[in-house]
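Each remark here refers to the structure printed beneath this line.
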Amino acid sequence: MSDTRTAAPDAASVLEAARLVLERDLTLALRRRGQLVQPLAFFVIVTTLFPLAISPELARLREVAAGVLWVAALLASLLALEFLFRDDAYDGTLEQYALSGQPLTGLMFAKTAAHWLLTGLPLALMAPLAALSLGAPPDAVPGIVASVAVGTIALSLIGSIGAALTLGLRRSGVLLALLTLPLSLPVLIFGARASELAIHGEPYVAPLELLAALAVLGITLAPLASAAAVRISLE
Amino acid sequence: MSWTWFHRLASPPHIYRLAQRLTPWFAWPAGALILAALYGGLVLAPPDYQQGDGFRIIYMHAPSAWMSLMVYTTMAVAAAVALIWRMKVAHAVAASCAPIGASFTIAALVTGSLWGEPMWGTWWEWDPRLTSELILLFLYLGYMGLRGAIEDPQRADRTSAVLAVVGIVNVPIIHYSVTWWNSLHQAPSVMRLGKPTLSTPMLVPLLMMMLGFTLFFVAVLLVRLRGEILVRERSASWIREVLST
Amino acid sequence: MREFLDMGGYAAFVWPSYAVTLAVVVLNIVWARSSLARSRAAARRRLAAAGADA
Amino acid sequence: MPREGLEVENLHLWRGEHHVLRGVGFALPRGGCLHVTGPNGAGKTSLLRAACGLLYPESGRLLWDGRDVHEDLPTFHSVLMYIGHEAPLKADLSARENLRYWIGTRRRIGRDTLGAALQRVGATAWSERPARTLSAGQRRRVALAALSLLLVPLWLLDEPTTNLDAEGQQLVGTLIEEHLARGGLVLAATHHELPLPRSRVQRLELTHE
C-alpha cells in the first residue's frame, strides 16, 4: 500500500503536464473543426471586403495591403480569444489546473501555445494568399509569413491575459476588445511595418526583430499575468 | 515582527483618519499654487516669439498630460502592492485613481487638439504624444470597464489590479512604438507640437501648475480613498464612530 | 483688458482649453465629494441592516 | 510540536456582502473523515474551496501538518484532490481520454493502471464513449476513478454521492474506507448521509446564521 504522507512518488513534471495540456487542447480543437475555421474565414472575408470598399486597382490596394492584412489578423485572433479559457472555466478544468500543484504559469503557457498553433499559425499561412489578392508581389511571401507568424505569438500572449481577466464575466466580447486592442498596438505597428517593407521589396529585418522582442517579452511575462488572473477568477 | 508597525500604519481606520486630517494640507496649497500659476501663465509670462499667446495652452495641456501618466503610475504601483501584500487599503487607492486620471487624460487630449488647430491647421494630428495619450485613455477606460463589469467587489479589485500592472508594463512600449511609427511617416513641413523653448518667466508658472495639479491629485485621492475604504470595511465598530462625526 | 481677452488672436483656442481643464478640476472635486457621500450613506445603510439583524 | 493532518482555525469568509463562514474551525487527523452538513447556502462548498486554498479567507488560519498552507500553496495542492459537484469532463473526449488528461497533469499513469481504475468503478463498457453521451451518474463514476488513481493524502469531496445508484454509493463508501485505512483524510460536504459506519465519521454542522 502506498504511503499517503507525501505526494504520489511518480509525480508528473511540469513539462509532462504542459505537454498533456497542449495535446488536450489540440485534440479538442480537431474534434470541433467548425470553431477552428471561424477566425480564418473571418480573416478572408475582411480582406476581401477592402477591394470592394476601396477599388479593384491593385496598385492602390498594394499601398494599404499591409495595414489591411494586420488589422484583419488582429481582429481574427481577437475573435478566437473568447474560446481560449471559457469552456475550461465552465466545466471546472481550470480549477483542477490551479489545484494540480503544478505551476499554473506553465500550464497557461501551454494553453496559449495551443491557441497560437490553432489560430496564429493558420493565419500566417493564409496571409500570403490575402496579400497576393491585394496586389503584393510573390517575393513578399516569406516576409509576410514571418511577420504574421511572429506577431501572432505576441497577440496570442496578450490575448491570453485579456481572456483570463474577463473570465468571470457573462458578456465579455466588447470588454475583451477594449482591454486587448490597446495593448496590441505595438504588435500592429511593427507587424504592419515589416509586411509593408516586404511588399515593397525592402529589408524588413529591423521591425521583425522588434516583433520578436515583443514575443519574447510576452513569453516571459504574459503567462504570469494570465495565471494570476485565472486564480483570481476562481476565488 | 518588524512588519507590525507597517500593518498598523496600513490599517483602514488609521488611514481613514489620516486621510481626513491630511486633505486640507494638500487642498489649500494646491488651490493657491494653481491660482498663482494661472496669473503667472496668463499675465506675467511674455508671449512666445513663434506661437504668440497661443503657447499659453501649455499651462493646461502639459500639466494635464503629466497628471494622466503620474496617476496611472500611482494606480499601478498601488495595484501591485495590493496584489503582493493583499492590502485592502492599496486596492482602495488604485480604485480612487482611475476616474481622476481618466478625466485629466481627456483634458490633455482636448487641450492638445485645441493647441493643434492654430499650429497645424487641423484639430487632430497623429502626433506621437497625442496618440499615446489617446491609447492611455483607452487603458483607463478598459480598467474602469473591467472593474465595473465584475460584481464581486474583492474579485473586481484583484482582477483590475492585474490589468493595471500589465498596463504599466505596456505604457513605455506603446509610447516607444508610436514614436517609432511616427518618425517613419512624419512629413517634414508639420511643426511638432512641442514645448517651445521656454524662458524662465514662462517656465516658472508651468512648474507651479504641475506641482499644484499634483497636490490637487493627492487631495482628491484622499477624499475618494475614504469612500473606497468604507466600502471595503467589514468591522462595524469604527465605521459607526466615523459616521457619527 | 480687451487685449488680454483677445489673447493675440488665439482667444478661441486659449480660453476653451483653460475652461475645459479647470472644469475637469472642479468636476473632480464634485465627483470626489459625492462619491464619499454615497459610500457613507451605503455604510450607514449596512450598519442599520446589521443592527436590525442582531 | 506540529500536529499531523488538516487544521482549520476560526475561518471567516465573505462573498461580496455575505458573511458566509463565521469562525469555522476543526481539526482533521490522519485517518479521519469529516462530514460537513447543512442546508443549501450554508457555505459547504465555500468551506471546501477555502480548505483547498482556492478562496482566501478574511481571517483565520489553515494548517497542513502544522504549517500555514498559504505560505506554500503548490506543495499543499500536491497533497490534495478536490472534486466539485460537477466532474470536470470534456464532452468531446471519451471517459478514458478525460481521465488521462486530467490525472496526467499530476501523475504519470500507464494504460493498465487507467484501465484498472475504470474497471473498478464499472466503467469498462462505456469508457470509450464521448463524455457527452454519459449520464450524470456515469460522469460521477469517472470522477471516482480519478480519485482512486491519484493517491494523495487529502480528499475534498463536494456531494460525492449525488446522482449515484445504490451500488455507486456503496463504492464511494468503500473508496473512502480504504483511503482512511491507509492514513488518508477525507473532507466531504453533503446533506445526504455518507455511506460509512457512523463511528468513523466526525460531523460539522453549518447553519445560516
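Note that the chains are named A, B, C and D in the order they appear, and that numbering of residues resets to 1 at the start of each chain.
Keep in mind that, in the parts below, a residue touches a chain if its C-beta (ideal position, glycine included) is under 8 Å from a C-beta of that chain, and two chains touch if they have at least 3 such contacts.
If you're wondering where the values come from, they're calculated on a predicted model, not measured in any experiment.
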item	value
Closest chain to global C-alpha mean, per-chain Cα centroids	A
More contacts between chains, B-D or A-D	A-D
Intercentroid distance (Cα basis), chain D paired with chain C, Å	52
Length of the line joining the C-alpha centres of chain A and chain D, rounded to whole Å	35
Euclidean distance of C-alpha centroids - chain B vs chain D, Å	48
Distance between the centres, which are taken as Cα means, of chain B and chain A, whole angstrom	32
Where chain D touches two or more other chains, by residue	56
Residues of chain B engaged with two or more neighbouring chains	152, 154
Overlap residues in chain C, where contacts from two or more other chains coincide	none
For the chain B and chain A complex, residues of the former touching the latter	83, 135, 138-139, 141-142, 145-146, 149-150, 152, 154-155, 158-159, 162-163, 165-167, 169-170, 173-174, 176-178, 180-181, 184
Chain A-touching residues of chain D, taken from the complex the two chains share	30, 52-56, 74-75, 77-82, 84, 86-90, 92-93, 97, 100-102, 104-108, 150-153, 179, 182-184
Chain D residues touching chain B - in the complex, by the definition given at the top	14-16, 19, 56, 58
Contacting residues of chain B [partner chain C, same complex]	34, 38, 42-43, 47, 52-54, 56-57, 59-61, 63-64, 99-100, 103-104, 106-107, 110-111, 114-115, 117-118, 213, 216, 220, 223-224, 226-228, 230-231, 233, 236, 239-240, 243
Chain B residues touching chain D - in the complex, by the definition given at the top	86, 151-154, 234
